[in-house]
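In the two complexes below, subunit A is the common chain; its partner is subunit B in one and subunit C in the other.
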Partner chain A sequence: MATETGPSVEVDSGGMTSVALVVGFVVLQGVAFAAAYTTGRPTWYAYFMIGSTAVTAYVLDGSSFTVATATLGSVLVVALGLPLFMFVARQTPSLVVEKALNPDVHRVLYLGVYGPLLAALLSLGFGVPLAHLLSEGFPGQPLVESLVDLPLVVPHSVAGILILFGFGQSGAFPNVSVLGSMVGMVLAMTFVAAPYAVNATRESFEAIEDRLEYASRIHGANRWETFRRVTGPLAARGMITGGVLAWARAVSEFGAVAVVAYSVTFFYPPAGEKVTAQHAPVFVYNTYLQGGLEESGAVAFLLLAVSAVIFLIVRYLTNDDATGGMP
Partner chain B sequence: MSTATETGTPTATPMSASMTIFHAGSLAPPFSEAEPQFEDEYDVDVNREAKGSVASTQKITQQGRSADVLGVSDFRLIRNRVLPEYGDWYAIFTTNSMSIQYREDSPGADEISADNWWEVLTRDGVTIGHSDPAVDPGGYRAVMSQQLGAIEFNGERLYDDATYQALRENSTVPTGTETNLEGQLESGELDYVFYYQSISANSGLPYIDLQPEVDLSQATSEYAKHYAKAEVETGSGTFTGAPIAYGLTVPSVAEAPGRGAQWVEYFATEPGRQILEDLGLVPVDPVVVPAASEDAIPERVMNVASAQETLGPLEL
Partner chain C sequence: MTHLSAELTSTFTAEGAEPFTVDAALEAGDEETVVILGPSGSGKTLLLETLAGFHGHEGTVTADSEDITDRKPEDRDFGFVFQDYALFPHMTVRENVEYGARYRDSPRDADELLAELGVGHLTDRSPPTLSGGEKQRVALARALAVRPEVLLLDEPLAALDVPTRQSLRDDLVDVLADVTSVYVTHNRTTARAIADRIIVMADGRVVQRGTPEAVFERPKSSMVAKFTGSNVVDLSSAPELKSLLNGSGPGAENPARPNGTSGQVAIRPEAIRLQDGDGDLRATVQRVVREDATNRVTLAFDDVTVEAFADHPPSVGSDVSVTFPRDRFHPC
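Here is the complex of A and B:
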């Protein structure tokens, strides 16, 4: 297949080789992990992962710098990956299947993806204009910046209380029902997630050369057109990264959501009617309280799997159109 | 190091310099009040972790963590889930009662009293909150209180079944554990909340002290039989009504069991009892321990406890 088109042979075969390499490396890691896990020695796998990364880096590149960055980087990857791999390995497949077939769990997963999506869109919808302003600078900017970052340090259950008091019956919009409603859940999520969307987007605006914008203006484009054709597309990656971060942050939010919207009533398309469910982290915690670690682990595993698939899809799509394929 | 020195005879060997307590959220006020006094008196550093009763229990039974004292709002959690694998005994040391808290500006707040609360709470547009019956004893107890009003006690009942249904219709479950209810009430999102009197008595907001036939506070046979007519079905099982009886134990996985026994003794004697009373709880005097596990009970606890086979109709 790769040889069908002459000029692209070089690129294609390079791509094929790298795919083969990735697959081979993943398989090797999988086998090593399985061996280490089944013999009860996950520590060995940690060393293996770091060592194999160093060797691979040496074989592929050979420069001491690459070997050093790959080795140090792999330490972090072990710290992030090992607990996840062990968590996955500990699951009881039959229990995961049972949970995966449970309609209640479907609702939870739907809500756990859909609610954060709304929060991410809300964060981007209003966060992108704000990020653009921040990247340009204005008087009093530090105040606004601090305000945007402040939710990051607010303890999560306190964030929930803030939402209740801010938007509840005694707050700014007494007519809006926030307790146990989709609105409340999305507001609570946006509160904790928006800083990520704003900051990531802002950095991508700041990375754009000012001259590009001037050039666009000089050639007669007004500011709207310049945003639409030049700065917007150039910052798209930052927006997507910000959106994904905000979405992920919202997916994982327990504290604020548990205070504002413990149970949420929402329209569920597969049932064609309104149903009540809990945000995934709340549901996982309650499953833990009612059924113990194994059962809650199975639900958490499903949430993790769905999130991983969504991450991969988003990364795949954005890698394609933004840069035409990453090496 | 404490494990090595203390497993034998806790009372005779040197005591550990620190101890850990897992306890229900509703025990946080008395425990934090007692902490500095206890630390001074016994020269020990006390670390406390407050969480729901179920979650506190599961830290030991599911997460493999160790604590020197476990305190929960329903002793049956210890009896059914901790014994025999993670503990051998428990002490019932205090009771509590259910109450209704509200805001000065809750709808109907100017008329509500102990004699008409069900009438006010069933009005249109009133929102009643309680914690989740499936995961929190405070939640199923709130539903039990509502049920008991419609069940005859000594030939009389507070209200009829339709009123009970109306109460349920106005009730919502906005939280897992009761700790969030007060904030939700103050924010105006809830008008009335059902939780323990030990919470409402200390919050500064007005509250209704409920009738003993619905407040689950009386640990006597007569009342316990009545309470047992309430039954709440949840996703995690069916719960039967019983007097609110808090349990304490020193788990068998404790690293400083001697310190744990001291803490239990503290709450079985005057200084601890006084604190419980000051904070709206009703200490059990003397604390009750199950007769069947008498041999396993630390001496300093047994000295101040009464071993019994039953508590009212409740088997120990």
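Here is the complex of A and C:
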């Protein structure tokens, strides 16, 4: 930052200044939001956020270009952030606690984490080899690429229909029950999540120089060993990123799961027996239809909290170098 | 102790480019260093990589009369030093050097080897923290650690600054004395310093092969002559020089005399002498460029220019007397 001459603030000296700046900005936004919310004028906060961003950009880097990009960008950030802030602010704590203690909600949350985990593992287990192939290139590759990216462009209810056609009762594996089963749910999740695992992993394979593979081979390692000792470890971050993205995608999947496996029966360790529940987004939708916005909001809040915690833990575990962020 | 012999043909196709065919034969005797010399895009790196088994090819590769054509890279018992080092970034220096140890019978000790190459103090460092010269010494240690039958080097000095390059080149001379090696470079100074034999490549083919002396002194074509640093003179544009070469005296018996007609001749700049008194002909000094221990002087006469070296630089624009040793001319 601040590479231009003129009225610019040193932000990168030791990072302390920049941390203080971020904390100060966040506190200011918090106070402003609290004030706007308690006085019943959240609209004011939207204007404040855009205005304060523009002023901050001007103070940090006086150029009109930076001020323009920051101001326009903040409009999108408001659109993304404001609903979340309002959502959190409007929760009724007693209702959230009530839902948090509800065994039905526990099952939903368990399923909402566990099912996507299986889908992410499946996506990686078969996606990593595919990603490796795609990174090396082969004849007819565009066809396979299109198939891999297909779930990104199909409406997800359509994805569910496709799965029922492919693997349902008159599909390829009639012996495996897909409709309303755990297998079906994981399959639906994998269908929509796999592209993320494949593409992120593929990018990390492509970022590895051919020469490293050559160096490994010529000094005695065969292809398996080269993958185990060189390309695999070097692509590990991409695989983890891909896995997390796939997991997150599966957690948020509604359409395909609602079509294929509206409610499923699965083994629930806390109860020590099989129980029946719905995938969290389906459950939230159901609660909304039956209990209204307040009820479903509390469940959604819990789901959001659990997802955020898991996401942060994974990010923390994989973020081993100081420069930060996943690739 | 390996005698390497190869005859390779391989065609490479890259998207949006014409197919490029490399077709070359090479032979390296026991502990001999063969340098593949050529300009960028001449296919020398592809030839080296094909030799290593990285690309499919036709033809044969034999090591000590054993056919290794169908062997995978990992089964060829080669070592390879890359231009951009290609060190494994997620391993320490020692782990890099020990990389191939588990696959070979009697690998060399990593610490010992690193110390020998002057980087013994870096064993626990991570490659991205090293300088270019240090990286290349580590890469060299990694290749030597597997006790390769043949050591392949792809422009190992090209990415280094001049002082680092010279010091590593000196060490390479010692290292290459004990191992059969094929060394790719576009740098004629390096080629002359380390080669037992030189192969000049252009457009995927070998255009000349021989000892450094033969290639540098008796280039077979103007391309080789220019690339190895010789002056190439078109005699039809240099009547004075032509009559000198065709005339009586020592030049009359010169086998290099281009049949009394116009043709191209090559002469090395270090063979041309500038002197105060009478020479073969007079030339105008066009440019003087200071080099390490000497001056590179551009001389103009007739309609041509040639380069020569002079310890004492003449002033630009002055007329000097020049002597051409007749026996140093070579038709090309």
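We adopt the following convention: the second predicted complex is superposed on the first by the 248 of 327 C-alpha atoms of A that agree within 3 Å, B and C clash if a C-alpha of one lies under 4 Å from a C-alpha of the other, contacts with A are read in each partner's own complex, and residues count from 1 in each chain.
Throughout what follows, a residue touches a chain if its C-beta (ideal position, glycine included) is under 8 Å from a C-beta of that chain, and two chains touch if they have at least 3 such contacts.
These numbers were taken from a predicted model, which means no experiment stands behind them.
Three-chain overlay on subunit A, with subunit B and subunit C fitting side by side and no clash.
Of the two partner chains placed around the shared chain by superposition, neither subunit B nor subunit C is touched by A:S18. When subunit B and subunit C are set side by side, the one touching more residues of subunit A is B. Touch criterion not met for A:T39: it reaches neither subunit B nor subunit C. Looking at the shared chain after the overlay, A:Y262 reaches subunit B, while subunit C stays out of its contact range.
Of the two partner chains placed by the overlay, only subunit B lies in contact with A:S157; subunit C stays clear of it. Looking at the shared chain after the overlay, A:F165 reaches subunit B, while subunit C stays out of its contact range. Of the two partner chains placed around the shared chain by superposition, subunit C is the only one that A:L234 touches, whereas subunit B remains out of contact.
After overlaying the two complexes on the shared chain, residue contacts for A:A221 are found with subunit C alone; subunit B is out of touch. When both complexes are overlaid on chain A, the residue A:G292 reaches subunit B alone and has no touch with subunit C.
Look at A:V178: by the touch rule set out above, it reaches subunit B but stays clear of subunit C. Following the chain A superposition, subunit B and subunit C show a smallest Cα-Cα distance of 45 angstrom. Of all the residues in subunit B, the ones that touch subunit A in their complex are 52, 54-55, 58, 62-63, 132, 134-135, 172-176, 180, 183-184, 186-190, 235-236. The residues of subunit C lying in touch with subunit A in their complex are 49, 52-54, 72-74, 76, 78-80, 82, 84, 86-90, 99-100, 102-104, 142-143, 145-146, 152. If you check the complex, the residues on subunit A that touch subunit B are 157, 160-161, 164-165, 168-171, 174, 177-180, 258-259, 262-263, 282, 285-286, 288-293. On the side of subunit A, the complex with subunit C involves touching residues 209, 211-212, 214-222, 225, 229-230, 233-234.
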